[in-house]
Each structure stands twice: as structure tokens, then as C-alpha cells.
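Should a chain be cited, it is by its letter among A, B, C and D, assigned in written order, with residues numbered from 1 in that chain.
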């Protein structure tokens, strides 16, 4: 209520965002360590072409982490206070984000081999997990039961309800991609890359987007 | 005293927090490099299952670094000035945090093998060290002998004394986990994972938590 | 229009810059992982000398990423609002920046071997890509058609037009370096290192530079 | 002169510091990758003891990068404007900082083997380079010839002259450590570790330190 208190809370959100930005930025940049330099025993060109699963996995993970960052960034323009549970939910989200390089490596190594079904399932499962935690975090932050509220806006403001509607799509879409992966791993990967690219296109522009 | 000076000090705390956030975020994200992609000579599933010590070590380290960050973040909502000794104590803390991926790797490689006792002891020892340095840092920052004080609050404010009480638990708990590790390494690991999960639960909510 | 809204937008630009700074800083620092410690089977000195392509690639990439950061930093002193497309263009830029360690590794491994033509072409191609995306990002941000504008300045301010002129040079210069690489890879690398060093020299100082 | 301009410059220093903090934080945390988990063919304990050069190199590099960060942080509480040359000098400094993990690896691998003289010389040379660039950066920033000045304080303020005096020590001290390394590598390393620890002790406290 008094200025000092509000300033302190502001600074808490800032550090939460700074720490999260750090984890997102590091996870997205560590993906490059998955791209391996081929050995010099054979010609470079064919070896690079044979690495195509690495490029698919790299691009899919890069775009997906990028979109997650964008979503995180948008949520926290609406969230202006934190509490312990929100910090824990954010931690569970960052757990998912920071582990992404590992299933990316799995897919890069196993796509096109007998282990591809399991590798793709773990990869898709990571995104299912992240989509679910994103929904939990958002529902917690926007709940009408928080006093004082964590959002800048009312829990039933149109902007808040628009996010509710939009977020409801994430988990089922990734579950579908996951199920397809169990049937045809390479089609599953194509769907996940397609979803990442699709989300890059702007929503119907109304003002600031 | 004059505005310029206060602003400069403010910015010093900001950079200390930014640098610390960076180290915490990088250490927590580098943990993923410990998760190794199995070779393609055998079936993927059984190899992934055999890697269970890696997952236990990953989750324990992730949760523990996350909790350390949360504690660091809370302390620095109370600390608003820095001096040389505080920077050095913070550096000793970051030394512990940034080394965590190494003992995590040790445990991931050696759990279930003859070297597990030593590996787990080094792992637990790292957390004992961090818990002790956290106490030293907090006691230094909250000491009644600092003029001008480093805290926003009086050294005997209830909020400050609550942290005193809470922090006193850290080192003995980790020493116990350490001693159990020397006797039964896998139980020691289970205790450390349990502690990390336990601390994730919110303290009894009174207001902002 | 109202203060709260402007503040929120300000904070969006801040997080975009913080996230981008993170990716630039991590990409530039991960380059060091490319420098390999020679094995102990032979004498250290000659092995280090034989690694000269690693040093050339390291310095070229470090200086080039550094210059890109400097350009990014300058653009965002002029850009004060963001929208979805700008975030996506920035993401495409960061994709290029964060992948740099991989072609750097390729060049470090293959310069002086039969694969050097392809390795250098991929390396140069990465910079052509980044230079093009930089131009797209800048042209989008400075377009007269954005309402409200994303820039602090008018789209035809001298400062803005000076950047237009300067940025027009980037892609053709890197295309030339790329073409030279296809003909003589080592001369191509020398041109890219030379360009990086050249851009380090300050423009003709007029005021703050 | 007008508020908008000053604010923009302020934000330039902020991003320079944020980017530098990122590089320092990543370089200091990447050092941990140098600590290798021993193979399981022999007993863990003796193998860990045999890795003592890794621990010496790790601690020395960690403490030295930490002190460099502390110095950088102090300089930029005094520097409030940037120009192109300062950014380039800062980039040359970050080049030195971000390369530290490589000579650290060299020393960790070669201390106690025939290549130790060269490895230690490269290690010490890196610190000589950084100490020189730090002096160049500070002398440039504090020069009486900058109009408008880059410092908050007058170029002959006591605080500025104290840093002049203190910084003059860095390069000769590291040159001495370097020369000792060429004669007795292990004594050279001991001196560099000793210097890092020595600098951790606070200067004679006068006020804020």
C-alpha cells in the first residue's frame, strides 16, 4: 500500500522475469551444442545432409522455446505481484524449458532409427508438460480468489478471458502431436514444427498485438 | 545521502542481483548437459531406465538451486546496500552454486556403483557449504554493527528474526543428509530430494508469503 | 495513451532487450567451447600452432557477434515500442546469432582440409542471413506505415536515414565474402575477419558516436 | 541535454552493463565444465585427488573472474556515458574474460606434465592481457579530453585518482606471475591463486568500501 512496499513487489516481479529470461535465453542457446561437427573420415557434404534430424529438432525446439518466452513475457505484463506458489509454478515451468535440449538431443540422435518412437514421445511429452504448467500458472495468477490479486486487470477482463481461451488450446494440441508421434514419429515431429511456425504468425492485428 | 549517491548504491545492488541471477540461471540450465543421450548399440528404452540416477540427481539439483535462488531473491528484497565484504560473501555463495553441476555429474555417474558413497558425500558437502555461506551472508548483512545498515529494516524487525530462525535449520539438515549419505548413499540422496521438494511447499500463508 | 499502458510497453522493450542480451552474451561466450585442449600424446606447442583455424574462427565470430550486439543495442535506443511481428523478426535474428557457434566449429575443424569450401560457405551464409534479417527488422521498425510508430523518431529523421544507408551495405558485403569463400575459402575467412575488425573502428566521430 | 537524450544514454550504459554481466556470469559458470567426472575403470577417490590441478585452476579462474567483475562493476558506477571507443574497449575486455575457460582447461590438463610451462604461460598471459585492457578502458573513460566527459566525477577527483593508483599495479603483478610461471610453472600458479585470494580481502574500510 505504501510506496516502499509496492516498489519492493515491483522489484520481485523484475527479478522473477530476469531469472526466467536467463533460463529461456540459455536453454535456447544451448540447443546449438546439439549440432555436431562431423568427423573428417568422410566427405563433409553428405555427412551434413545425413544430419537432417538435428536441424529439424533444432528449429522446432528453437521456435517452441521462443514462443514460450513470448507467452511468458505477455503473461508477466499482466501479472504485477508474486507469491510463493507463483514462484514455484514458474520454477516448474522453467524445469520444463531448461530440460528441452535433452529430448532435442534424443530426437536428433534417434530420428530415423528404431528408437525414434520413444525419442519423439519424450520430446512431445516435454511440450505437453510445459503447456499444462503454463495453464496452471495462468489459472493460478488470474484466479478470482487471490487477495490481493496478482494481475493488473480484473480476473474477468476481456484481455484475461482471451488468454484463457487461447491457452486452452495448447495442451490438447500437444497431446495430439504426441499421439501422432506414437503412431508415426516423423509425422509427429512435422506437426510440432508446423505448430511452432504457425504460432509465429501474428494473431489478427488489433492495435498493439 | 544526496540523491545521486543513493541512486548509485541502488544500481550497485541491481548489478549484484543481475550478476547473481545470471549465475543461478546458467548453473540451473547447465545441469541438462549432464543428461547423456545413450549410444545406439542397444535399445533406447532400457538404457534410459538405467539412467535413473541422472534423473534423481538432475531433479534434486534443479530444485535445490531453484530454492537457493528464491532465498537469494528474498534476502535481497531486504538488503538495499552493499559493501566489499558482502560482495565477497556473495561471490563465495556463487562459487558453491556454480559448482553444483559437477557433483551432480558425479552422483549421476556413480550412484549404484562402488564410488557412490564418496560421490554422494561430495554432493551433500556442496549443499552444506552453500547453507553455511548463506547463513554467513545473512548474518553479516543483518548485523546490528553495520553503519550505515545494509538492510531496509531494523536488525531486530520480526521479518529479520524470522529469517534468522528459518536459516538456522539449513546447515544442520544438510549435515544430517550428509551423514546419512556416508552410511547409505541412496537414502541420503532420497533425503536431499525430499528436502528440496519439501521446501517448495509454501510456508503457512500470512499475506504475501 | 494512459501512463500505465506506456509503462507496460516500456517494460516490454526492456524484456526484449534483456532476453536478446542474454542470447548474444551466451552465444559469444559459448564460442570458447570450440577451443579444444590438445591431447597429451604429442608436444603441446606444435599442437596449439596447428589449431590456428580455431583461433581465426573464434576471433572472427567473437568480433562479428560483438558488432551485431552493438548494432542491436543502437537500434533499440531508437525503437521504443514492440509488436508481434517485431518480436518474430527479433527471434529470427536471435536464431542466426545463437547458431553461430556451430558454423564456427565447422570452420575451425575443416579449414585447411578438403571440406573447407563447404564449411566456409556455411559460415559466411550464416552472416548473410543475419545481415538480411537485420535489414528486415530495421525496415519494419522504421516503416512509415506503423501506427502508432515503433520508433522514437520520425521515419525520415536524419538519424534514421543514416542507419538505412549504413545497413544497406551489410548484406552485399557478406555476399561478396561468401562468393570469395566459394573460390578461395581462406581468403574469404580473411575478408570476414577483416570486416569484423574494420567495423570496430569508430565511425567519423560526430558527438556521441 | 534534453531529458529524452539523457535517459537514452542512461539506458545505453544499462545495456552495456547487462551484456557484460551476462558474459562475466556465463564465463564464470562455464568453468565448471572443465571439472571432469573420472571414468569408472579405477577407484573414484584416487582419481579425484589426481585431479588437483583442475581444482587449483578452477578456483584461481573463478576468483579472478569474480574480482574482474567487481572491478568492472565499480568502474561503471563512475562511468555514466558511453561512446563507440568505450564499447570497443569493453568488447576487448570481454574477449579476454570469455576466453578464460580455455587456458583454465589447458592448465588443468597440463599442470604436472611436460607442457605445463607453456600452459601456465598462456594462462598468465590471458590475465596480463585483461589487466592491460582494464587500464586502457579506465584511462580512456577518465581522460580529461572527453567532451562531454564519460565519468560522473571530475577526471582529477580523489576517487578517480585512487583507481588510477590501484590499477597501475595490475599489469606488473601479472607480468611477474607470468615470468615466474616461465621459470617454475607451479609457483606461478600459486602466485596467481594467492593474488586472487588477496584481492578478495577488503581494502582498508573507509565508509562504503
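One rule holds in what follows: a residue touches a chain if its C-beta (ideal position, glycine included) is under 8 Å from a C-beta of that chain, and two chains touch if they have at least 3 such contacts.
This structure is a prediction, so every number in the text was calculated from the model and none was measured.
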Handout entry: Taking each chain's C-alpha mean as its centre, the one farthest from chain A
Key = D
Handout entry: Chain copies touching (chain A, chain C) - same or different residues, decided at half shared
Key = different
Fill in the blank from the handout: chain B onto chain D, same sequence, C-alpha superposition: rotation to the nearest 5 degrees is 90
Exercise for the section: List the centre-to-centre spacing of chain A and chain B in whole Å, with centres computed as mean CA coordinates. Expected result: 25
Handout entry: Centroid distance [mean C-alpha coordinates] between chain C and chain B, Å
Key = 35
Practice task
Would you please write down the residue numbers of chain D that are in contact with two or more other chains?
Solution key: 18, 22, 26, 30, 33
Practice task
Quick one: which bits of chain B touch chain A in the complex? Just the residue numbers, please.
Solution key: 17-18, 21-22, 24-26, 28-33, 35, 37, 40, 43-45, 48, 58, 62-63, 66, 69-70, 73, 76-77, 152, 200, 202-203, 205, 208-209
Practice task
Sort out for me which residues of chain B touch chain D in the complex.
Solution key: 4, 8-9, 11-12, 15-16, 18-19, 22-23, 26-27, 30, 33, 81, 83-85, 87-88, 91, 94-95, 98-99, 101-102, 105-106, 109-110, 113-115, 118-119, 122
